[in-house]
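Read through the structure below, which is laid out as structure tokens, and then see the notes.
Each chain carries a letter (A, B, C, D and E) given by its place in the written order, and its residues are counted from 1.
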Amino acid sequence: MLTAGDYQAIWLTLKLASLTTLLLMIMAPPLAWWLARSQTKIRPLVESLVALPLILPPTVLGFYLLIAFSPEHFLGEWWLSFNDSSLAFSFTGLVIASVIYSLPFVVQPLQSAFVHLDKSYLEVSATLGYGKFERLYKIIFPMLLPSFIIAGALGFAHTIGEFGVVLMIGGNIPGETQVLSILLFDHVESLEYASAHKLSFILLAFSMSVLVVIYGCLQKRQQRVLNA
Amino acid sequence: MLTAGDYQAIWLTLKLASLTTLLLMIMAPPLAWWLARSQTKIRPLVESLVALPLILPPTVLGFYLLIAFSPEHFLGEWWLSFNDSSLAFSFTGLVIASVIYSLPFVVQPLQSAFVHLDKSYLEVSATLGYGKFERLYKIIFPMLLPSFIIAGALGFAHTIGEFGVVLMIGGNIPGETQVLSILLFDHVESLEYASAHKLSFILLAFSMSVLVVIYGCLQKRQQRVLNA
Amino acid sequence: MLKFNIQKAFNNNAVNDNVLHFEGEIELSGVCTIFGDSGAGKTTLLRCLAGLETCEGQIQFNQQAWLNTNALVNQNKFLLATEKRRIGMVFQEPRLFPHLNVQQNLLLAVAKATTQEHSDNIFTIDKLAQQLGFSELLTYQTTQLSGGQKQRIAIARALLTNPTLLIMDEPLSSLDISSKNLLLPFLKLVSLHIPILYVTHSIHELFYLSKNMLLVNEGKVEAIGEPQKLFLDSELSLRKFAHQGLIVNVQVKTIDLTEGLIEGLVDGQTLFINTVEEPKTKSIQVKINSRDVIIATKPIMDSSLLNCLSVQLVDFMKDDKNSMILTLKIGSQFIYARITSRSFHKLQLEVGSCVYAHVKTMSIIN
Amino acid sequence: MLKFNIQKAFNNNAVNDNVLHFEGEIELSGVCTIFGDSGAGKTTLLRCLAGLETCEGQIQFNQQAWLNTNALVNQNKFLLATEKRRIGMVFQEPRLFPHLNVQQNLLLAVAKATTQEHSDNIFTIDKLAQQLGFSELLTYQTTQLSGGQKQRIAIARALLTNPTLLIMDEPLSSLDISSKNLLLPFLKLVSLHIPILYVTHSIHELFYLSKNMLLVNEGKVEAIGEPQKLFLDSELSLRKFAHQGLIVNVQVKTIDLTEGLIEGLVDGQTLFINTVEEPKTKSIQVKINSRDVIIATKPIMDSSLLNCLSVQLVDFMKDDKNSMILTLKIGSQFIYARITSRSFHKLQLEVGSCVYAHVKTMSIIN
Amino acid sequence: STVKNKPLNIAVASNFKLSAQHIAHEFTEISGIKVNISSASTATLYQQILRGAPFDVFLSADQKHIDLLIDANKVNQEHEFIYAQGRLVFWKPDITRVPTLQDFLLYDGRLAIANPKFAPYGIAAEETLKSIKKWQVQQYIKGNNINQAYQFVESKNVRAGLVAYASVIQKQQKNYVIIPQEWHHPIKQAGIVLNNDETKHAQLFRQFLLSENMQKYIKSQGYN
């Protein structure tokens, strides 16, 4: 039913989304923590910067990334110094772009959870002997697990749905940068509606079932904790 | 410095974003409330549906909206029964699409705030004599004001940055559906880089200053409440 | 009158559910204290009565139905929402709104009170701030308050809603002694206007405040009645507090406010009671702790003891290794005395003995 | 030894900041009770000592520096993080983790304790669950617990970290009487192994538990010392509790465990004290409440009173309208007696009078 | 003359947008009829027209989509016209001289082209490469449309590309060579009048577009 190209795009998309989510789940928590607690004056600035990908149309973001990735600019040049092809049109380029693009989706749920986290729990953890980082991953992480899961799921989902940025910097190379969203657009543009509908359906069915399962589990947990 | 077309697009974008945000701020709180508290089995399904615009590539979403808006389908037909032009390619169509597209951005921060809201505050409000709805807008709303502001700001920002959906169902008609993001893309596509850079800069400067101000105020309030 | 027959089932991951079943009828005047062990179900009962916990059964407040899930087949189940029950509630924790300062927290209650029928609320923020001693705190953020300060404001907030019933869950437990001494008479005064359901673990508060008590034990209402009656009843779970003491009714004879003494009669015998203000009624109730009663075979003279009651020993029991609890009859009333076994034997007491019970005036709790 | 000199400034939106300044040195053995009015600064002091509140100054715990912000110019400011101070803390609220059940909450503390030097923690979950009476609650979610149940688990959690110092902020105030009676001796036992800083509003707990007290008043340490000393000092804010009573030292002469009586000597005079177990030392301390002391000009005979002390009246003061507080000297020690003014006049007492002070054995707090 | 004020909506494939703007401007000068230009990719515009977009004239980048509209009975075949013919160039900006066809034949790096699946210039590029037997040999970076292919090269992310003659003219680039017409089917850019109402403004615009002056102008912009 699906063509080899479709499978390739699906596989690539999953790879991209997983890798991006992984990177985001490493980077985002400390950033979100800092954003939730810091009292420095530059915090609103950083907060706005993180939110920027929400505002900037993705194609525009992609356009500027394309410029940034070009060998004439620092990032692209540095990349070319130990790679033989440019950062644009490469899987690595897509990962970088996706991380930037999906960052707010992961940071914001976490930040919100951290803001609402009663600091008394941190205090208790400290008196129990848990150090700064231990507190985070042994107590706060399990406690806010739902928020972490939601953050991860949103980052993953949004990377799957990412289109504008990839359109600009991807170059539509099968197996390398032709992700599902691009392939879907391709089908639509070339009037291959049947393929487009099929792929959309698969995307929908997959995403929905993943989300329904995640949200279902979270609801169960909430029920258990709140003891309805 | 800016052309009349630019001004028109900016004005149209602000109009669209404001109207969309207004509608979202009316619709989202009850939905978010329900999503945060309900114990019914269909909740995960609704939750996933709300999150759908995050996953679906915007052009694909736009494509299906275009089909739904066309007079061949129920929604478009119903619209044409008391309007003389189609729902697609109209400002109203854009508003509907934007509401759908930006819904998760408004619902999710609110839902997160509602989930973390200690129900003891609701109980106190009830014993103070506040009814179900009064509780919400006289106590919970002021209490969670930061989350509402963030939700509104994200909705607004994301509507400004919306591109793929508008591209498909807007038709890029100046003064009617040619919003800033589309105009920007247009400039990039037609290699008018100077105009693109100028518009991007304005978009950036405006959004950043709005966000910095909002985040700054929220930080002050947080400081005051937490009494750092 | 508050009448209830409610069931609340908790699912505790255990094999069988934890079902609490409360049934009772309370006369609503003054303070009714709810008393019971930790985990007995006091808070749950209050929450059910306030409508904060879903439960099965009926609740009737005066003429008004609050809950009725046992309606007839063709009737609707009935549940009056918490906000319509016109209750004021003080929780075990203060629960002030964190986004408002003290004054704003209180105004939130006032706003609701004035929109209701009785706009002539007897309480105002200023008066309460003075009476409860938080006038200087009005502009504070709630996060800037100490535990005791928060609790006093929570009490004020509950009063400002002008409730028809006040529900308080251990309101004074986090307060210092001075605040307690300030608030106890205050609450007693309040209870003349508004009936209070009051949870406490303090027997002192119980006897000081309440004419009526409701004993909760293991998720059931064990008994409802006057505290002195229930404390006399050896069948109840209160037995373990038997050493604490009993309430007696005293007829006021003369009042000497300069010396701060009331001379009263307990079934014909004189009893001196200290007081700071004139009692409201001719008949007052005082508590005599068993540990404060001194037994003598002859009246004690030349001592600071003013009270000497001629009593009859009607019962005695060993309390623990070294003490005996004697039940003494004064006319139609009873008091307990707790003395060492050594004294008991030294005085050669037995059931029927007529002895003299002495109590320091200072020890009698008015 | 815990030595501190710390300042904490709160900005309360007021014209001038609210600056708390605590200075003192505490001998760390047994319980040191921190006592003071609501809002006096007790919680703040504990939080500063625990490192939960940023503050200026120095804190020294035994040989270990915990805080030093007054370092010399070329030295670094020093702050030991809370988790390195090896303290156990019980807050005014239980603060159990909501995502874990009771057992998991406790295991979180155990996990940390065993990774530290003294792996031979004297406490285990099972033992504590039994001693504090929550064995059946181990599988409960924390949201399913009553206020008192939560607090007992919070206490167990603090103990399980195997701390070198236990800090407790009103830990028993939400507990019922039976739990209190269970926990007080338990904490006293614990304090033989781990020093405890203990905030309470209960004078009973204060005298029962502590050899040492720290008096906090209006953001300052007013005094540190033995409770009986401080309660005797008329200069202190404790004056208002003068009626409460004092501690006296008693030399144990004979112990009769069958009758549960200790015969002791207070500066040569016999005093009977009730007890349930053999005292650990030859010299014990008991508390005599002023309200329990009966004054007579002749020894009282033929009564249940076992104790008759020959004392000298060294001072008296009017307490309120109707009562007098007498300071009585027994050899080198003092007790207070609180009697009605009427008795005072009836007995024609004056400074220097030699009278007899009687105390019921049951009233003496061991 | 209120009718005159109703603007004319023209849908233009994005590669022709700049020229169309110029022409529309001239048209308004002469006729006084206001013109709104909407641009997007041909395929997008096609879908929009299929679903009732309020355009009066559609200037496609190819003939295929116009034919599809005719097949769908959305428009009348009589109103079809060819307004320009695109040319492909091989553009390699990083050499110091003007490249020759030999350079193109020898080039074996990554090549930027428009997507051959649906973009007219992409189809032409595929045909070109097939005719010189380089199809499937080379790695392609595919732009969504021909201008994006141009951007890939311009931003130096790709060293060379098959781009539109119009683009290099517009941006005054030098290092390109025109691909011989024989190597691919002509890129006929067809247009069609969608709304033939009583005002005939759309027809007026068509006449103006096909007028000698304008055709000359279009040629100067890199079309045949």
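Assume contacts are C-beta pairs under 8 Å (C-beta built on N, C-alpha and C of every residue); 3 or more make two chains touch, one makes a residue touch a chain.
Just so you know, these numbers come straight off a predicted model, no measurement behind them.
Please identify each chain that touches subunit B as well as subunit D.
A, C
Would you pick out the chains that touch subunit A and also touch subunit C?
Per touch definition, common to subunit A and subunit C: B, D.
Examine where the copies subunit A and subunit B touch and state whether the two sides share over half of their residue numbers (same) or under half (different).
Mostly the same residues.
Measuring from the mean C-alpha position of subunit D to the mean C-alpha position of subunit E, what distance in angstrom results?
Taking the average C-alpha coordinate of subunit D and of subunit E, the gap between them is 90 Å.
Averaging over Cα atoms per chain, report the distance between subunit A and subunit B in Å.
Whole-Å distance between the two chain centres: 20.
In whole angstrom, what separates the CA-based centres of subunit A and subunit E?
For subunit A versus subunit E, the centre distance works out to 36 Å.
Find every residue in subunit C that makes contact with two or more other chains and list them.
Expected reply: 93, 141, 144.
Using the touch rule from the top of the page, what residues of subunit A touch 2 or more other chains?
If we look for residues of subunit A contacting two or more partner chains, we find 63, 185, 188, 226-227.
Residue numbers in subunit E touching 2 or more other chains?
44, 47, 148, 151
What are all the touching pairs of chains?
Pairs satisfying the touch definition: A-B, A-D, A-E, B-C, B-E, C-D.
Please give the residue numbers of subunit E that touch subunit A in the complex, ascending.
Answer in residue numbers: 41, 43-44, 46-47, 68, 110, 112, 115, 117-118, 139-144, 148, 151-152, 155-158.
Which of the residues in subunit D end up touching subunit C in this complex?
10, 12-14, 36-40, 42-44, 92-93, 101, 139-141, 144-149, 152, 170, 173-180, 201, 203, 240-241, 257-261, 272, 274-276, 291-292, 294-298, 300-306, 320-323, 337-344, 346-347, 358, 360-363
Within the complex, which stretch of subunit A touches subunit E?
Going by the criterion above, the answer is residues 63, 66-67, 69-72, 76, 85-86, 88-89, 167-168, 171-173, 185-186, 188-191.
Where on subunit B does subunit A make contact in their complex?
39, 43-45, 47-49, 51-52, 54-60, 63-64, 105, 108-109, 112-113, 115-116, 119, 146-147, 150, 154, 157-158, 160-164, 180-181, 184-185, 188, 196, 200, 203-204, 207-208, 211-216, 219, 222-223, 226, 228
Quick check: in the complex, which residue numbers of subunit B touch subunit C?
Going by the criterion above, the answer is residues 120-121, 123-132, 134-135, 138-139, 142-143, 145, 224-227.
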